[in-house]
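You will see chain A twice below: alongside chain B first, and alongside chain C after that.
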Partner chain A sequence: MTSRSPIPSAPWLLAGPGALFFFGLVLLPLALTVILSFQAYDHSTGIQNTFTLSHYITVVTDGYYLEIFWRTLRIAALTTLICAAIGVPEAYILSRMRDPWRSVFLLVIIGPLLVSVVVRTFGWSMLLGSQGLVNQALQFVGFAPARILYTETAIVIALVHVMLPFMVIPVWTALQKLDPMVEAAAWTLGASHLTALRRVVMPQVTLGMLSGSLIVFGLSASAFAVPALLGGRRLKMAATLVYDEYLQELNWPLGATIAIIVLVANLCIMLAYNRMVEARARRTLG
Partner chain B sequence: MAFLTLKGVSKEFGMFTAVRDVSLTIDKGEFVSLLGPSGCGKTTTLQMIAGLVEPTEGRISLDGRDITREKPNRRGLGVVFQSYALFPHMTVAQNVAFGLEMRRVPQAERTDRVREALVLVQLSSFADRYPRQLSGGQRQRVAIARALVIAPPVLLLDEPLSNLDAKLREEMQFELRRIQRKVGTTTIMVTHDQAEALSISDRVVVMEGGRMTQVDAPYRLYEQPSNAFISSFVGKTNLLAGTWRRNGTTNAADIGGALLEASAPEIAAGTPVTLSIRPEKILLCDAGAGRLEGRVASRFFLGSQWLFTVETPIGIMTVSTPNLGVEPAAEGSPVGLDWSPDNMRIIAGTAAAA
Partner chain C sequence: MQKNGTIALTFHVLVLAFVLAPLVIICLVAFTPENTLSLPTTGLSLRWFKAVFAHPDFMASFWNSIWLAALSATLAVAFALPAGLAISRYSFPGRDFLNALFLSPLIIPHLVLGVAFLRLFALLGATGSFAWLVATHIIIVTPYVLRLVLAALSGLDRSAEQAARTLGAGEWTAFRRITAPMILPGITGGWLLAFINSFDELTMSIFVTSPATVTLPVRMYMYATESIDPMMAAVSALMIAITAAAMLVLDRAFGLDRILVGQR
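Here is the complex of A and B:
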């Protein structure tokens, strides 16, 4: 009847497990990584307990690292763009399907998520290899065999395959909320199918496309398995670079520095993008 | 002069026939309602006229031009959808202007016509609002303005009032009729509400199970329903099943032993018939003074009228009487029922299952 504690305990107890989990597995390691990135490193004696900014200076001045960052950004942006170009029409077609087929195709789209990324990536490396199915097909048609494996193209192809569901599902959800008669209304007012899509349907899936793009961009920029297996030893992306610093060079502070820079850059890009698109969508959709 | 013609139009969805052999001609400026219970094919019929559904069979022509296979965006008909289907990301003015924009109407003329349309539906001061900031009745009027601004040859309304509450619905009925009278656009409205169909249409098309069963002016539809379904769907009625008898000069139906007079000389004696009489055509009188004796089982006060259910030897009868300002017969009291034999209708056939 009368609760003696002045603060109701239920909300704290309910939020507790999640908060603990978040603190232990996200905040704590992140804080340790930040600290690590400011510690000095010596090749003969290992990690020193002295504060230094030298790793940050190294990373932002060395063309080697900047090239890898630039490549990561380019590949993530390209993957997001291609995912949007394929995923949005795919989601639209999906939303217009009748029921037995819709369930089947939804499963086809989500299906790849049920297979390990590593397994799927090996699949791509077999398809794209110099004697892979793609090259055999090219030769059969009469073209010269192309070098696809261990190029950025291979990475983008595999990333698009992995990331597509993350674009299709939010857009599909946005389309589900749309009254199908709204499109019909545009037709009866004289709009062609294409105009109706552009003027009426697209503006309303902007928010779905935004969340899809954010997920795809974030996951692509920090992808590890795909660039590690399809990029080869030379073609590195941010995540594989961090891995190499930690496990090949054993320079943990430098690895931590790169990880933090990638995190901050990723955060800045996503927040800026979010603000830009959401502000526009808010104004009209409320 | 037939303006819009449907000739033998049918629509099948797989094994299911939604609309079966509908033929209808509508004159210019007419207000026609398609009335029927849900699933009777009325909305499918409307969508075929709008071009959103392609008929399996039959032809639709508008002003002498065959439009059966024409795309909806080439037909130029105004459609008001049940959900209104306003564009949520556009203001009221942009919604209304959309159809003009598609027709490449110059900016200045577009602004004028949008303003006129908003004056017509009394929403001038809401031009810059978004649909989500409007009430149901206002959204509905935006939808009407958007459909009318393109000056369509035919206006199609799909259950336009069904999402409104009762009071607003009544107001909008008259509003709709006022607008239609003013612009003179040929209008087809789909509805499941018989009162709505009767009050504002020039003609009502009753549909049952995908077929058209009666096309008539509202008054004639109410007074001379062609079957038992229509007589009970359009307004209330008392249905009495019995056998036709002839006693010399009088024609009457034998309903459970009671002989009820009605006029239909061409029916052979012994034929099973169904009689129908509307509750407001029956008068309550003192016990012993009427054609039928009964006892008031219950009564309901509806404000402008009273609704009685009366137990009689031939079954329960529903009677409605105007509220004349004095309290009528109490529950349980014996009463007599009287009516003019002219108001006793004979419904064709034996479809008396209801």
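Here is the complex of A and C:
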């Protein structure tokens, strides 16, 4: 990888402009937002230049905010769980198909990733509405119409739909590395299908599932469009709360505080999870 | 290879139905002749598509989004290509830091980036201009380009380039005539992926757009929160069509599974 180039400044000349740009538009704004979260706010005069911890104290002591954080965690965890329950078997089924079906269905499963979240959420709001197809189907089989839209159920359903590709992709990648002959060898040596699945396939899949879960959890916890469109005014999650603080309450320091908490929580979970995935990888792969 | 059993295939069909249901319902409702969001039972009509094309706000946002996506994808390539060369070909102090810096927008929630940009622009007095909107989208899409450029560079056989250098080609000529054509699929794939991601972006854009620079997803979000009529379905169906077209091009050019693997 090392070059014999006589000019040691070459990489900085190449990457310099981009580095400056990212420095000015990623690190600087983040630093400003951290500072903002410690600045006092007055409803009549706006942002003050005095240092305060009051926003952080408000957020971690006020039941209103705690409830929203708790709901965000609960919805993100549930979404991750359901995504794993659907995505892992689906990836396994995909990996056992033959081409062209395999490529076609893989495209169908991960393609929606490229369709705007607003579009997909709007589709679910039509399906789950009081006159929607889901309710019509429920009535058709004799159930009472259920109120699904503007509940946590609606948010979880749509989030699972949005996040499913992020679970399927890493599991599918992990399965690609597994030689199907190894599973066949296990059967030949007398293992039942279940044992082969548990002892040969699962260890490979677990790694993919862990990294998929990490991505799904992180993205769900900071999702905006789905709770904003399917949660209504009452059911707020962390992202919609930040949006309200910034653009409706105009209390930027408090909004910044919540945004920083979301960011730090995200980074901590990712680091912890990464450690776990790496430790597991070392154990299984020796 | 072992075949999938009946239970597995049933499960597969259910998953497909779940994945496709919201997209299919949008495409059906978009053709309704009625005034409400309903399935077309009495016949198909293009009236809501015509309504979209006659709606000045939607059309302005559409072209705004197209320009924004094209510009930010192009400029992201301009940043990511040299940065990718530096990261993959040289070892220098700060290399890992640079790599992490360029890929960081993948880990930072878009919501956080949105409020961070808003704060910076408020202090600069730069809110609402199209140029600053492009700058924010470059930040969001550069990681996608960089990843594909790095993948293309690391899979590259450098002997052709070395042969060119031995035969007297300068560093720039060797890059332009040998390396660039060889990594072109990676660059094209990265550009398209950047274009789509910019075109679809909502969460960050909602904080940094002004009434004059509203992007299509933001316009749709605002429209969906205020009124629900089949025009929303028609716009959504058009977006699905555009995305599907881009997806097919991406798949032909590079293999969609290869591009999306590892993407978050």
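The definition used in the following text is that the second predicted complex is superposed on the first by the 270 of 286 C-alpha atoms of A that agree within 3 Å, B and C clash if a C-alpha of one lies under 4 Å from a C-alpha of the other, contacts with A are read in each partner's own complex, and residues count from 1 in each chain.
In this text, a contact is a pair of C-beta atoms (placed from the backbone, for glycine too) under 8 Å apart; a residue touches a chain by one contact, two chains touch by 3 or more.
Worth saying up front: this structure is predicted, and the values here are computed from it rather than measured.
After overlaying the two complexes on the shared chain, residue contacts for A:111 are found with chain C alone; chain B is out of touch. Contacts of A:203 after superposition on the shared chain: chain B is touched, whereas chain C is not.
When the shared chain is aligned, no partner comes close enough to touch A:68: not chain B, not chain C. With both structures placed on the common chain, the touch criterion links A:184 to chain B and to chain C.
Residue by residue along chain A, chain B and chain C are tallied for touches, and C comes out ahead. By the document's definition of touching, neither partner reaches A:154: not chain B, not chain C. Once the two complexes are overlaid on the shared chain, A:174 sits clear of chain B and of chain C alike. With the contact threshold set out at the top, residues 184 of chain A are in contact with chain B in one structure and with chain C in the other. Residue ranges on chain C touching chain A, taken from their complex, read 1-4, 8-9, 11-12, 15-16, 18-23, 25-26, 29, 37, 79-80, 82-83, 85-92, 95, 98, 101-102, 104-105, 107-113, 115-120, 123, 135-136, 138-139, 142, 196, 199-200, 202-203, 206-207, 217, 220-221, 224-225, 228, 232-233, 236, 239-240, 243-244, 246-247, 251, 256-257, 260-264.
Across the interface of their complex, chain C is touched by residues 1-3, 5, 8, 10-12, 14-15, 17-19, 21-23, 25-30, 32-33, 36, 86, 89-90, 93-94, 96-98, 103, 105-120, 122-127, 129, 133, 161, 164-166, 169-170, 172-173, 180, 183-184, 215, 218-219, 222-225, 228-229, 239, 242-243, 246-247, 252, 255-256, 259-260, 262-263, 266-267, 270 of chain A. On chain B, the positions that touch chain A within their shared complex are 50-52, 71-73, 75-79, 81-83, 85-90, 98-99, 102-103, 130, 132, 146-147, 150.
On the side of chain A, the complex with chain B involves touching residues 179, 181-182, 184-192, 195, 199-200, 203-204, 284-286.
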